[in-house]
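Okay, got some structures for you below.
Two complexes are shown next, each including subunit A; its partner changes from subunit B in the first to subunit C in the second.
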Partner chain A sequence: MPIIACNNICKSFPMGKERVDILKGISLSVEAGEFVAIIGESGSGKSTFLNVLSGIMPTDKGEMVIAGEHLEVMDENQLALFRRQYLGFIFQSYNLLTQLSALENVELPLIFAGVPKQKRREQAKRMLEKVGLADRMDHLPSELSGGQQQRVAIARALVNNPQVILADEPTGNLDSKTSIEILELLKQLNSEEGTTFVVVTHSHVVYDYADRLIEMKDGLLVTEGKTKE
Partner chain B sequence: MKLLDLIEIIWRNMWKRRTRTIFTMVGVIVGCLSIFMIISITNGFEQYLTTSMQEMMDTSVIQVYPNYQSSEGGEARTELTDEDVTKLEELGLFLKVTPKQYAHTLVQMQQLETYISILAVDDYSSIDENKIQIGRLPNTGTREIIIGYEMAKELLGYSWDQKITDQSELENLIGQKIKVGGGSSMIDDKGNKISMKKFSTVIVGVFSSQAKEHAYGAVSSSKFVKTLLRSEIDYYATINPEEKPDMSRLKKYDSIDAKVTDVSLLADAESQLKEMGYQISSAKEFEQQTKLMLLGVNTVLGALAGISLFVSALGITNTMDMAIYERNKEIGIIKVIGGSVNDVIKIFVGEACAISLLGGSIAIVLGFIFTFILNVVGESITADLLGQSITQIAIPTVTLVTGILIFCFVVGFLAGIIPAKKAAKTDIITAIK
Partner chain C sequence: MVKQLAIRNLKRSIQDYRIYLFTFTFSITIVYLFQSLVNQQTSIALSQNQLGLMNTILRALEGVNIFVVIAFSALLAGANGFLLKRRQQEFAIYYALGMKQHQVAQLLALETFGTGVIALILGIILGVAISQIMILMTAQLFQTTVINYQFLFSWIAILKTSVYFLIIIIGIFLLNYWQLKRYRITSLLKNKQKTYELKRVLQQRLVLEWSGATLLILSGYFFLQSTWFSKYFFVSIIVSLCMILTCIWLNITSVKLVFQLLIRSKYHYLKQLRFVTIRTSWQQINEHLWSIVGMSLLIVSAWSILTLSFSYRHTSEAVIQTIAPYDATIVFHSYESDKVASPVDLLLEKGVDVKALGDITMTNIYTTETTLNDLLAEYNMANASLYTFFDHGAPSFLRVITYDDYVNIAQLLGIEPIRTRGHEVLFLTNMDDMLPVFEDYLQTHETIDIDGQRYGIREDGYIKLGIENEDFSRQMLIAVVPEREAKWPQYTTVLNVMYDQKKSMQAEQLLDEMYQTLINFDEKQNQYDTQYGSFSVLTKQHVSEQVIGETALVVYIGMYSSIIILLACATLLSLHQLTFVIERKSEYQTLLDIGSSKKQMYQQLKKQMIVYFIVPVLLAFPQVLAILWLMVKLALEIEAGSTMISLAVSTGIIILIIGGYCIVSIQSGWRMFMKQK
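For the complex of A and B:
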């Protein structure tokens, strides 16, 4: 049974007096533990698809099942609870809270999950050690490099042991050397933790790390291929 | 999200924007402090009035007066006689029914002249001897007189707002001969001066300042009071020979003190007496009137202070509303990592309540400090001004403190709920872009 199963997902946005179709009936199935990269040019609809996939953006039509749960029928509180339990997010611009230290940023999802302070601190430390930031835990985001900030974001995404990580251009703001380091880290976590990764990108570097490449064009999935074959 | 984590988040957010938080809080402090002081002062005033009244009159005593107005319960009792005394005794509600008759007359001591009400007393055992400052009670049936403390001050040449520094001065009054009566005179057709008769009497005692019921008056035997009343009747008979002298005045009482057997019967006894057509007064009635009057004062002043609290509530709403725009990204991140709509509402409402509650708490602490200062300063000022010190000008109560905290919580909640709901509706995608 796939961990992600989308069927005929459609999404449109109003533009003036008309509506523009961004997603035109996407069907996709992702197995647990897969590292899937969705590639495509700007405006192809890949970020919108990721937002719909996470439940942040409602679909107009179609069925979306993640870990056996139907997202299209959930209300906002149910979606929040679902994201807390099953999903982790990595963004291009890291989206860390600037007033919190690296450790506190990683702890944040566990606060909303109601994990006791001692336990969540241990979990967060362990995760920061795993992403190679054991010596930067008390630093504010402004005191960290771009790559380090993205590592904090990765640790935050993984701290509550989600089954699926959704990453939107995770290397978009990084230089090529740091991009490779981050992708290697993601791949390592994918292998070690068995977490499913869906990465949206237009960077070619990701090709070497994904189990499967899916290309999007004009709101449709046009090609699929396995990079390692 | 656990409560302690919520408190930590709220505290961190408030600390981050501490300047704005403090300014917003100042509004709450001013409003709450005003309410705290107004209610504390009226509490103090109420207690002062009630205590003074209780010192002046026995709380179990109803004072019955003639009723010159139309009565709701039927016939108005325009005079009090022995018949009324018997009627009250027959009600079975009263332990003791004491009629009171006064002679309102002029008193002269050397060059000093003043008016005085002399209470007629047959049985001196009804007077508490502990309330005598100096001297003794008059002997039964004599013209001896015991005067009140304020009257003594007046005879010693003090004004009402002055204090007797040396109490031994009062001893000078004991044994002093004074003239009682007179005060009215006229020239008749033949050119003769007709005056009200004067009587010599001697001061044998002075009541203490605690005996407030006698403060400006005096007590003497019933026989002497009747003599004074008779001289008044004779005077008016002389100047109006065509009118028949009204001898009934000798049998009329100015008031009747009715002491209830049990204080719980007071309200019942009061209503029965009103129905019978008497006019009454009691410490309880005075207390009720005082409370009613102070409630009015509290309502007016409280409403004025309430306006400043309302303005501060708007300040909180404005602060929280601005915070939504500033913290748009933060709200988006919280929601995307699993914070629910309720979590966002809790954070925003919690912050508004915290600003309000903290402001209220600071106001309460300041209120206690101001109350302490006011009471210390007020004690010496009232001692100088009134001749007796009021130790508690302002009295804060537990109810007041609890009330302010509950009120602050409600104000904070109402001020925070609209911005909180707005924050919870934040679009995640727009926020985290």
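For the complex of A and C:
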């Protein structure tokens, strides 16, 4: 049974008096433990698809099942609960809370999940050690490099053991050397933890790390294939 | 094109910054309300004296208006500058798209005048509505009733308010234009991302700073408590000012220390999302530290002014019975010390039959050559407020009345006179502050020397009692000596009257006519002139009207200036918060993305805003207490008891205004965030 199963997902936005279709009936199936990269030009609908996939944006039409749960029938509170339990997010601009230390940023999802303070602190420390930031836990984001900030964001995404990680241009703000480091880390976590990764990107570097490449064009999935092939 | 753009911008800024428009409107309402006071005179039952006082209030408010216009200009210019800074990028885009500077200026002018005109219309409508209710407050302040009620609408007030605010709007536009001219397209585009950095404070340094400030304040407190306070008055004022500055310093370090301790206290810090609230508030406060300090100072001034004006009202009303115990007092000032004519007979010749008014006493006042400074200089330390009376200005000579006159006064007031023996004297005063001074004197003295003559002092022989009506407590010390001892020159005779209940209306009317004639110095004045001396008159009602009128003046000016200051602070706090929400929208969005529920987000936003609004108020509170403590110690007319009640009332007003703005900011902030999301 696939961990992500989307069937005929449609999404449009109002533009003046008319509506513009952004997603025009997307169907996708992702198996547990897969590393999927969604590629495409700007405006092809990649980020919108990711937002719909995470339940941040409601669909107009279609069926969306993640880990056996139907997202299209959930209300906002149920979606928030779902995100806490099943999903982790990695963003292009890291989106760390600048006033919180690395450790505190990683703790946040565990607070929302209601994990007791002692346990959540230990879990967050373990995760930061895993992404190679054991000696940077008490640093503020402004005291970390771009790559280090993205590592904190990765630790934050993984800390509550989500089944699926959704990443929106995770290397978009990084130089090529750091991009490779981050992708290797993601791949390593994918292999070790068995977490499913759906990565939206422009970057060709990702091609070498993904199990499957999906290209989007004008709101539709146009090609699909294994990267190694 | 510019017009359309301006209208669109105006709509957007009114939606985003309703608080700015609300403040602008409310400021205009307040100015209109106080401008329209003049119209209320016809609807309230005011005596001639009260009308005179009302005119004094109106004249004083004209003066206050200058302060108000300056304060509003600073507030609106500050708020506008703040909004302008936020729009730097937008202006850069206009320039990049080829708009010329004069077109951007035109756009700004249209927006500024648009907001101003909307606020002016709304403010005046609101002002007209509220002025119908405000008449009740004016009647209450003058302790009178509303008669002849009519719809209040003042064209003059509208005109004056409009002129004031047009000047302010033009000023704001010129300031904006000047700022705009300084912007360069490259620098505007650079200002895209604002990075937030949390200032880390060395804890050892904080503890040292905090301890240093506490020690300085304690030293200042002990200095002010010591006898040096009275000896070196001006040094004491400087010490007091330094203490206030140190209070500010102490409060800043206290806030920093509290946040540091909260961060260190793992139990509180790690509870739920509290660390996000603590860290975010701490960061914001650091970022706007000077602004918050400035606002806390403004809140201190508003809080103190409100408290002191309310306190003055309570104290003044309570003091009427002390300074005017008689229904009326007529004083005869003789040109010569020899008694050549009876004031009662002289008044009868002028058509005033004093004996027919009710019960009367006649008291002769003798003036000695002994000054109060000679007698009590070394004992006045206990009460600093008397210090200026003793040592500065003209010397205060001890005045004397005879024991028989004292007995008559006591009987007139229905109190049991204290008996004296042989060569003993009693002392009377109508000043509360005098009692502890004289009590100190009696600790070491059983006798007193008056002009070389030594008298025994009756045990517990000092009484709080005024020998005549006054509009301000001035009778520092009156000695009561045996009849045979009164050999000093006598220039003043006091006739105290308690009206016959049946004739009190006529009596008051008669004496009021005499009072009006004597104070107006008109052609009728010679009606009461005699070849032996002149008269003055003061009834209890005159004193009461005078005191109530003065307190109304103080309360009006206090409320007017304080509310304006509070509005300014609340608006700036609110604008800081709303801008913070706009700038940090991505962070809030992240919290939602990683699993926060909307309810948790709302709670987070609410707590953060509450902390930001509370901090300047908390900073202000100890300083307000320090100022009130000093005022109670220094000022004659401020009493500690009434000050506490007034503090509670003014605190309520502060909570209402700051709290109201806080609630509106939370709602607006949340709406803005949800809209942007």
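We adopt the following convention: the second predicted complex is superposed on the first by the 229 of 229 C-alpha atoms of A that agree within 3 Å, B and C clash if a C-alpha of one lies under 4 Å from a C-alpha of the other, contacts with A are read in each partner's own complex, and residues count from 1 in each chain.
Please note the rule applied: a residue touches a chain if its C-beta (ideal position, glycine included) is under 8 Å from a C-beta of that chain, and two chains touch if they have at least 3 such contacts.
Small disclaimer: the values here were computed from a predicted structure and weren't measured.
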{"item": "Fit or clash - subunit C, subunit B, common subunit A", "value": "clash"}
{"item": "Partner chain in contact with A:K117 - subunit B first, subunit C second, else both or neither", "value": "both"}
{"item": "Subunit B versus subunit C as contact partner of A:M57, first or second or both or neither", "value": "first"}
{"item": "Touching partner for A:F89 - first (subunit B), second (subunit C), both, neither", "value": "both"}
{"item": "Partner chain in contact with A:L140 - subunit B first, subunit C second, else both or neither", "value": "second"}
{"item": "Which superposed partner A:F13 touches (first subunit B, second subunit C, both, neither)", "value": "neither"}
{"item": "Touched partner set for A:Q99, first subunit B, second subunit C, both or neither", "value": "both"}
{"item": "Residue range of subunit B overlapping subunit C upon superposition on chain A, of 20-28, 92-100 or 272-280", "value": "20-28"}
{"item": "On subunit A, positions contacted by subunit B and by subunit C", "value": "54, 56, 76-77, 80-81, 83-84, 89, 91, 93, 95-97, 99, 108-109, 111-113, 117, 156, 160"}
{"item": "Touch list for subunit A against partner subunit B, complex", "value": "51, 54, 56-57, 76-77, 80-81, 83-85, 89, 91, 93, 95-97, 99, 108-109, 111-114, 116-117, 156, 160"}
{"item": "Footprint of subunit A on subunit B - complex, ascending", "value": "1-2, 4-5, 9, 12, 16, 329-330, 332-343, 428-429, 432"}
{"item": "Residues of subunit C defined as touching subunit A within the complex", "value": "195-198, 266, 270-273, 275-276, 279-280, 282-283, 586-587, 589-600"}
{"item": "Subunit A to subunit C touching residues, read off their complex", "value": "54, 56, 76-77, 80-81, 83-84, 88-89, 91, 93, 95-100, 104, 108-109, 111-113, 117, 121, 140, 142, 156-157, 160"}
